[in-house]
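Which chain is which? They are A, B and C, in the order written, and residues in each are numbered from 1.
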Amino acid sequence: MGTDAFPTGVLGRFEGPNTVGSGTRFWAALAVTVVALLAYPSVVGPFAAGQLTRYLVSAFLALSLAFVWGYAGILSFGQNAFYGLSGYAFAVVVGNLASPLGTTVGVGVAILFGALSALVLGYFMFYGGVRDVYVTITTLVVTIVLNTYGKTASQVFVGSVNLGGDTGVGIGEITLGAGPATYTLVQPATYYVIVAVLLATYLGLRALVNSDFGRVMVAIREDEDRAEMLGYDVKFRKLVVFTIGGGIAGLGGVTYMAWGYSITPEVVFSAAAAAYPVVWVSVGGRKTLSGPIVAAVAIEWLRTTASVQFPEFAKIGVGVLMIASILLLPDGVVPGLRGASRYFDRHGLADGSRLAIDRARRAVGRRVGGPIAVDESSEVVQE
Amino acid sequence: MVNGLNLAFQYLQGFSVLVLAAVGLAIIFGIMGVINLAHGEFIMVGAYATVFGYHDLGLPLVASMALAVGVTAAFGMVVERLLIKRTYGRLFDSMVVTLGLSLVLSQGMLVLRGTSEPSVPTPFGTISYGAFSQSVYRVALALAAVAVLVGVYWLFTRTEYGIRARATIQDEGTARALGVRTERVYSTTFAIGSALAGLAGALLAPIVSVTPTMGGTYLVKSFVVVVVGGPSVVLGTGLSGGLLGAVDAVVTNVYGQTAGSIVLLVVTVVVIRFFQDGVTGFTDRVRDRLAREGT
Amino acid sequence: MSESTGQDVNVRTTAAQRATGTNTDTLLQTDGLVKQFGGFTATDAVDFSVEAGEIRCLIGPNGAGKSTLMKLVTGQHAATAGSIYFNGFDVTDDAPNERIDRGLSMKFQVPSVFEDLTVRENLRLPNQRLADGDERRRRVDEALAAADLADVEDTRAGDLSHGRQQQLEIGMAASLDPDLLLLDEPVAGLSVDERAAIADRIRTLNEERDVAFVVIEHDTEFVAEIADRVTVLHQGDIFREGPIEEIEDDPEVQRIYLGTDGDAEGDAR
């Protein structure tokens, strides 16, 4: 799959058949995007940067589902569960250990907690022989249970931290470090840190997905039985993928707390909240990693803006978007764009457009029926 | 003794609601394997149509309910043709599409009619015993639930459609080879499932608050019943409704509504994990089919 | 560099490296194998055995239980009762992928290649478990040549003709260096030439790489061409077993087919 002459040695690990985009053009575009992201706060000011931070947090959740659904075929409504559990775990650790070292440890604990919850649920499901649709239902049910329980847990204490029922739990500031070397994370530093972590996560997943491991995951997604009959331990691999997905969702939970400093059950565990990652990944393209990130940021931005201007229509818009994206672009926007870009690459803009219109006309003509509707430019001679 | 009676009435209502809400979903899922995440909204449409018929059109209650069933059935046919048909064989895609539909419907209704509807009177009055009185409607509802189950049984065993539908579930390829128009079977099935959802909404209208977001709770309830019930639509839904209704009534009585919901959901997960067969043996059926198509 | 994958048993095993248990003449042995689906008995206490290096054909009318028996051997169905021994090991409770590591491999009845992947990528999947780098590339090249697919290595597998998909799938199964290869209807719907090519492939693998075969097929000519022995299944149990010549002439066998399957001399009808 050699493309432009870029040092494929190092960057080659990040390219492959399982992600969209490779070669000079792609990496250049990515570099430009990163630079733009880094320059953003200076250009638009702290408030807008804070908004974008929120959307970038959603990107972690999107990546988590894209990984698990797009690359192992597991449609999970449970990423929110791990995301939320991680956020709560962080708040609990920070609240109990009330120290910079405690907070630093809290980051690790929270992410691990996300991964661990996924491990437990994944083991329960995959090693219990739960398949396909029932996995999806189970993850949805688990998330709803967390919501139902969370809203009533108003005087439940973990150590000294009250889980707070439907008002949730909050943290003060985030000061990391130990002893004399401490650092308090505030905007816009928070924004930069999140951008950096997101980029690292994206690249890491990209390498993983294009590796041997990633290829097997794709095989499992396409045909589990066939993959198993090639000697792969499908249950174990699904568990590994699901756990990693939980870890990424956990990472999202920590960044969420770094942005908002508080968490409530409704925001993370409600069925509506659990549906959004599905929207982002469907629209963005479930067989890519960049698609869901872009879609998450774009859709969240649209939704938030729409909620302010046209509050009633925001959700309707999301619903329509979901329907349209599945029916019209079942592989998502990013692959759709790539398909379009390839098509025009091949035929050129002018020719390509003409060909497309011809084909459309012929397709419509066929339905109307009869030789009369056949396009004159076709070679078919009607007897 | 009196509390026992209270519990009994509560149970009857719980059982009826579960059965009525779930039977439409059970049919669609059982025959077509489609997960309609907008099922709760179909129930909502039925409730709204009933209120509309009663308050806006001035129809008597029964006629309003009939209207609701018709409207929801028609609506279901349109949805099947436009959306569901395009996602056959792609189960996850059908979930996403119906999830989107559910958002459009619930929000759309909110925009169209506001946050809640005027209520519809509960027919049949009440009966009193000691210091308590119970709505007779609760009993009527239970009778309706049983009647629906019987009706569905009759539908599947005594009508042309029923035979065709069962052939299609058993072995679509063979059914088609024998001349069954499976596409028609699916459209009709979806319409019937939608009609039953509409009926559930209609029957619920007198006793619950009719709001645009009411669909959510019923979706979850329906899922729980269908998953626990397994493939046999009549027996599964009936037994599952009976079982879960009892669990819900008891737990809610002792520990409250939230505990009741949580217990039901936990039961669902446990059943999925340990009795994937549901109460009436789902996976076996599928495995049967797989075994026979190989040979 | 061995790729550690947790539960996988003996990840990098080729035929040469694979350990065998006792009794290496009998490659596969089932002992009173039973499979019930609810009330229906698909496999009825079957004692089925295959010798190393043998080509066995499994035939029988529809509903006889051929695919079920095959799936019991691969582990896709869990046995209701009975045991299965492979290469001397008791594999009754082993997961399918564990049995693959013991030397078993199969081709599905419905062509199951990864349609959206290229031919090369399809062949890469079984080989990437067994080798890395250059060695891997060599194995894939060999597999491509053996399956006569070198000219379409970058084509999407779903775009291949049916016959070539069958060759690809056999190639994938063979890449695992199996001792026993199970083929479920490898020539259904193929042209005469394509069938000849598949028969050739089977014979080559059998002679050059000592692969034993169990082939489910309905085409009696094909069976006659490749089989050493034939096992006839009827209503879940073994009805007859023996060399093809005996089975061809057996009137009982013809009767259970109710004349729906032709015998090798079918022209009299």
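Please note the rule applied: a contact is a pair of C-beta atoms (placed from the backbone, for glycine too) under 8 Å apart; a residue touches a chain by one contact, two chains touch by 3 or more.
These numbers were taken from a predicted model, which means no experiment stands behind them.
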item	value
Middle chain, criterion being Cα centroid separation	A
Furthest chain, CA centroid comparison against chain C	B
Intercentroid distance (Cα basis), chain B paired with chain A, Å	33
Distance from the mean Cα position of chain C to that of chain B, given in whole angstrom	45
Distance between the centres, which are taken as Cα means, of chain C and chain A, whole angstrom	41
Residues of chain C whose C-beta touches two or more other chains	none
List of chain C residues in touch with chain A within their complex	3, 5-8, 74, 76, 95-97, 100-101, 105-106, 108, 112-117, 121, 124-126, 128-129, 172-173, 176
Chain A-facing residues of chain B, complex	35, 83, 86-87, 90-93, 95-97, 99-108, 110-111, 216, 220, 223, 227, 258, 261-262, 265-266, 268-269, 272-274, 276
Chain A residues touching chain C - in the complex, by the definition given at the top	17, 212, 215-216, 218-219, 222-223, 225-237, 240
Contacting residues of chain A [partner chain B, same complex]	69, 75, 124-125, 128-130, 132-134, 136-138, 141-142, 144-145, 148-149, 151-152, 271, 275, 278-279, 282, 312-313, 315-316, 318-323, 326-327, 330
